[in-house]
């Protein structure tokens, strides 16, 4: 379980996160939603110790994040984070060099699934294919938790459909997934938990399906209520 | 192989691979410029002597009496040799900044990947440090090799009777620049490289301060750098504080300076570790 | 190619070249020139008191240049010292010995041999504050420290010198607990004075006035003192200089010694030594003895001069190794003379740098004044002179370890 307790973060004088607490369970797909600048990416960075927090605690299965735990949790940012002159294969080899949890077979499956060419250089790939490589490098790890930041950002509809397929596949099965996205419609039906952020705090935490069945509202409807009303 | 050592080796090999093109260019410039120096300098001397002989109808000995013999020292005491050294030093200094900042620059923020590797983050620091030093030693080794090849070239160009009996080693040892840069006096070599190492460690710490606290980090960095410099030079001002030029023996002054450098290096390593583990921001 | 191949090859290449260069260097340098003491006459053990640093400078190759310390009749290459030793090394053998034996006492004190006087029981330091605090060159405070060699106790005093400014301590003579300090100073018109102060170490005063102004006393504006290795003698020889011809710019070209004097540290009186009709005068002193020589070049005729009745008693004549050994030409800029001639334990130690066309070397002669015979004559020389070398052999600071006798 990933647990955030009273997490606070400030950029200069501006409070970005103001007492954020929630948990992510294994086998659960959760989504952080909110308008731009509400602190979604900051939460993911904070979980991965990529930005220091001012106050609060973040634990992974009860432990604070240590380098070894990067074998247990992976973060897939919204842009390519591999070297542009690397080929897809070199990027995979690089991961294989450092991660005990790199799964070669699964990596091959994903390459096939996304129809990627291992000898292509990353800098020559389209934005959509770069996003696929990013997913490949994250999903091929046998980790317990996956964090994804805007996986559908700036990519065409066909690629988006292909990526959406990932969420219902064995690739995320039994793992705890935390995702941030503006394209909530595409994956709304797959979500177990929605965490709605507003002004650095959690405005509402709910189950999307229950919300739809009991109140007849989609996640977008709830967001409209909060940000327009 | 121990896992952490393997990952450090992996990272070092990876960083070296990234630096190799830049290093090959520096090595190429060094060898190229040196070669020009080894050919042009003795040829100019020889042609001067020949010209003197033909215009003055002088004998070879008279020309020699007028211009003097040519030594390998004359060939290496030129800008063709000193220039690439200055370029190498400044190039590696700039690369010491670039080696960190490139991870944040460009379209792909590679710092994400590096900081999320399941290895202690100080390994990133050490791999970059080792690679800078490998660059320094590679250039030193290139220079040494070049000098011995250069001696053969110069000996071939200058007629024996005009070439002074001075070995390559003698010429190298008498050159001021090489005395400090090459392992001629082991103590000087260790001292200069030790000071250089501490300098780079401090520079890396300053970069990490800036990467952690941005503008505030620059101010902190300037203060930290100034304090490190003051601490290093402090023993040299003890004579003024005690108003006595002989209050410390030479060996004591050096040992205090060395201790200060050690303190600065260790402190910088701890500060860097703290910054990398707790403060660094993507 | 494995991912490590680039790393391995660069590291290997660096190691091979750097180590190769170091090994090649070590092999090429195995032939450092060696030095020896060549005896021409007498026994080389007579020179055991000599403690100095001999420098070999090869104009043809700086790398063949090196230095040897000569101590107890043996040479030791100073390049063999450890790095730490080298850092504290000075080119004065006496100072090195003091640092080695009395490191704590030597802390904060100058490295000028003239500022130290050593007896069997004490090591005395007399120097101006401005000698250690270079920012305060106007300071007229004299520091006196006495180390009791047996107990290791240090007694330190500070006293203000009046009667002049910008003092330079030329020497301090000890007859414990009384010391006589000779300084060169400037008067109110910034003309040079030579002043003598007397201090009783059992009750040192806070302010000292000169006992005598030697320049005024002998009516000379140019004085030099006899260089002393012992500084325990009762009588201090000094001489007045006479300016010779001036060049076209009005600068004095040469000086000659006009008269020799002796200052008695006990009676504080000055007496002039009568000059010889033929030949130059040489004056040396030790304890209560004043030795006056008539320098005839190839030989010196020695006499003992009695201060009280000013009588001259002839001792004998000695042949000198060279017509100039020990008799260094008058150098106006020196505060002392007799740098090459000393009287220690009834022996005259003479030294000179012998320059010839292609080499230079230090020559030494030791004369026993009781027997009026040369007990040693010889020189420093290279064991082997490499082909094509132009070697200059010289010594840095001539010193005699007079307590070793």
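For clarity, chains are labelled A, B and C in written order, and residue numbers in each chain start from 1.
Convention: contacts are C-beta pairs under 8 Å (C-beta built on N, C-alpha and C of every residue); 3 or more make two chains touch, one makes a residue touch a chain.
Since this is a predicted model, take the numbers as computed values, not measurements.
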So which chains are sitting against chain B and chain C at once?
none
Chain pair with the most C-beta contacts
B-C
Please find which chain has its CA centre nearest to the centre of all protein CA atoms in view.
B
Length of the line joining the C-alpha centres of chain A and chain B, rounded to whole Å:
45
Averaging over Cα atoms per chain, report the distance between chain A and chain C in Å.
84
Multi-chain touching residues of chain C, meaning two or more other chains, are 3
Where in chain B do residues touch at least two different other chains?
10, 14
Listed in rising order, chain A residues that touch 2 or more other chains are 97
Give every residue of chain B touching chain A within the complex, in rising order.
7, 10, 14, 106-110, 112-113, 115-121, 212, 277-282
Enumerate the contact residues on chain B facing chain C in the complex.
9-10, 12-14, 16-17, 20, 134, 137-138, 140-141, 144-145, 165-167, 169-170, 173-174, 182-184, 186-187, 240, 242-251, 254-255
What part of chain A is in contact with chain B in the complex they form?
45, 48-52, 67-71, 74-75, 77, 79-84, 94, 97-100, 122
With touch defined as at the start, can you tell me which chain C residues reach chain B in the complex?
3-4, 6-7, 10-11, 13-14, 17-18, 21-22, 24-25, 28, 61-63, 83-85, 87-88, 99, 103, 107-111, 132-136, 388
